[in-house]
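Which chain is which? They are A, B and C, in the order written, and residues in each are numbered from 1.
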Amino acid sequence: MGDNSRFSPFPQPYRLGLVMIYSRRIVSVLLQMPSVVQVKELSKHFGPIRAVDNLSFSVDKGEIYGFLGQNGAGKSTTIRMLLTLVKPSGGQIELLGMDLHKHRRKILSEVGAVIERPDTYNYLSGFENISLFAKISGMRLNRKQLMDKLASVGLEDREYDIVKTYSQGMKQRLAIAIAMVHDPHLIILDEPTNGLDPQGIAEIRKLIISLGREQGKTVLISSHLLSEIELVADRILILDKGKKIREGHVRDLLDPAKMVLNLKTQNPELTMNIIRESHWLANLQKQIDHQFIFELKRDQIPLLVSDLVKQGVGILEIQPRYSLEDYFLSLTTPGRDVDPFEN
Amino acid sequence: MWTLLKIELFKIFRRPRTYIGFGAITIIILIIQVGLKFDGESYLELMMGGINDTFDIPYHLILNGYLVAFIILNTLLIHLPLLVALVAGDVVAGEANMGTLRLIMAKPFSRTQWMVAKFMSSVIYTILLLTWMAILALLVSIAIFGTNDMLIARSSGIEQLQKADILWRYLSAFGFAAVALSTVAALGFFMSVLAENSIGPIVSTISIVIVLTILSEMKIPIYDQHVKPFLFTSHMLAWKGFFYSKADANGMVIRGSIENISSIIKSLLILLVYITGFVTAGIYIFRKKDILT
Amino acid sequence: MADLATNKKCMFFRRMLVLNLILFALTPAGRAQDVNLIVQKIRMKLDQVRSYEASAMIKTNVSFLKVPESKVKVYFRQPDKIRIKNETGISLIPKGALVISLNGLLHGEFAAIDAGKDTVRGIQTRVIKLIPSDDKTPWVIASIYVDERLMLIMKTKTTTKESGTYEISLKYGKYASWALPDQIICSFNTRDYKLPKGITFDYDDGTRKQVEKTIRDEKGTVEILYTSYEINKIIPDQVFDN
């Protein structure tokens, strides 16, 4: 749970402190339950627009759960509903085993979040920002502890500079430090690698994995970048137009997923003739000189290669393209040839 | 709640724009004081409105710290509400624009607590601004011009208050002015809840105050009877009532008296109703609002 | 026989002299000598007091002035220096009232004309009109109402060049022998009072008032109640400086 002393900072909100202490006890009991996030038939309408439509999912303790979807899919709206920023039109949300509506205060004291842009008070310094949010979160941290929090995200040299002077990456890191200042059990990160350079992205990725795998935190991460989700998430929820399209473990999604295969052959004419006279024609997407691009299931690859080799085709190169990305695009982009998988 | 209040005050007073109000007041007051020091007599001749033909007016005695403070208060009638709106209009909309509103609303304090803390912080700012003005207007004026009886010009005549009968009136007037300006703060707060950018609430608060002040001062009977009594700007001027004394049958001022205390109390209650209304409506709307910024 | 004629002649001349004296007394020239004598006597009485410092209370009753009673000091020094000072506050003194103090009236060059008799507060008084000879005198004409028995001025009516007409009523008490009044009531016409627009916004407390009442031809009064005099006290020059 961490070494941070957690008590009410000022006389009047001893109540908040007692709530915090009480909530920790409740949470520690409740965290023995498997689900940290339980969402049932969640909906949100903005007038005629259904931003989230009958969404149900759950996130287990210690899991890194990925929200995947294009812009406007409903990821941020869902996250905002989990944080009580947006009122659901219907459905139920339970976080940490408690009804969010009834136990909002207890629950939110155990949740940290970065929501869309990494906004903070840009007229204050990094140190002032994290100090302020620590107080709001009910934490009484001394200067060294706050500095350590900033150092953990690589901001130890810029703590007294006004946030306005920070780069986008630094702001992102500060936002993450703020989200974690009170050592929450559930961390929600909405597009956490936005604006980061590759090194920054790698560091955040490492941090997220550490939170989940080493510290046992439950992390809910949303992104439109499949590559990031795939590398960190245990399970993924794919959203499109507010609806759940697919949910499952990454490995399960990869397996039945259709792949894009880049095949290079020695004798392209022969290869083309064979393909034309076989059922593989349906899988052929494109041919450029010696290169043939197929879209097929993973378990069909050896069959294709075997057929071609039997008929005398020399295979120079087999290169599968990033199939999950295509799979994702195929699910969420209308008009593509590939049919979406049924659950 | 105390935590939130301290945090809100910290945020307000770390913003450079907060100090615009204090700076503006300082400059205006010093300009008035310097002007009156060099040529206060011309202003007083204007103020005496023609009775200087009938009476010997001891201008050098009339131009004292108490009168100068009164002139300053009158001059700042329009300015102070604008400066209050500058902060009050920003308390919610400014955070929405900055993107920090969603961060703080995802914390374990309720929206009501946050909104109350934000409104209270703008009221405290208002009171501090007023206190600064009181120090400059009254104490500095007394230091420069000394004290004596105070002559006030009303449309119905000149009223004289004795030296020893003035200070408590100023304290009461400042107390009332705090409530009056808090009404502006409440309006600014309410407008701030409705917007996601602070320019709109600031400008609309200022516009409403100016338009209603003009309506309050227009001498058109239909407005006088049917509109003016309901405008909060009409009642904001009631602080002046502390300087209007009763007179006996011979027209002599009764020391320590107030001409129409019930009217002042009525104005105070009306302003409190406005404050309650604006704040309650603002909190109600905010509680229902989806935070999408 | 000759003695009887002489006696008859003496009687005649004596009667004629008396008749002439009576007639002379009744003619304007005679009355003029009479009023001059009265003025001279009053002047002599006033001249007993070379200076004084008096404590007094001023009460102002003017429709557009709401002012408190105020304690003042009144300083006088011969021939016509007078100053009213409020040591602790502000007093509004009618303009010209100082100019037309009794000493100020009676120490110039003027012609005194008998204007008959009148009753002031039930007392029969002699009315004497004073017309100044000097063009620089700040007043145009003055009427004094004199109690001939006590040789005290009970009332004055003075028309000034700059400040209108003032009527001053004087009441005497223990300082009557010095011709120093206990009470002076100064009445005057008030001019229009109008507050220039833009000076201030009034607080309208909802009571119906005539907000911009013009006060034409209304009278105002200022009452000075003297509580004590220090007569012939040395008054330094700076008291009378502006």
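We take it that a contact is a pair of C-beta atoms (placed from the backbone, for glycine too) under 8 Å apart; a residue touches a chain by one contact, two chains touch by 3 or more.
Please read these numbers as outputs of a predicted model, since none were measured by experiment.
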For chain A and chain C, the contact-path distance works out to 2
Can you name the chain whose C-alpha mean lies closest to the mean of all the C-alpha atoms? B
What's the chain with its C-alpha centre farthest out from chain C? A
Highest contact-pair count belongs to which two chains? B-C
Any idea how many Å lie between the Cα centroids of chain A and chain C? 102
Chain A-chain B separation of Cα centroids, rounded to whole Å: 51
For a test of understanding, state which residues of chain A touch chain B in their complex under the given definition. 9-13, 16, 19, 80, 83-87, 104-106, 108-109, 111, 113, 115-117, 119-124, 128, 132-133, 135-138, 178
Under the touch definition given earlier, write down the residues of chain B that touch chain A in their complex. 1-4, 6-7, 10-11, 14-16, 98-100, 102-110, 288, 290-292
Chain C residues touching chain B - in the complex, by the definition given at the top: 59-70, 86, 88-95, 98, 163-164, 188, 190-196, 199-207, 209-213, 220
Interface with chain C, chain B side, in the complex: residues 46-47, 49-51, 53-58, 61-62, 74, 77, 148-149, 151, 153-163, 217, 228-229, 234, 237-241, 244-245, 247, 250-253, 255, 259-260, 263-264
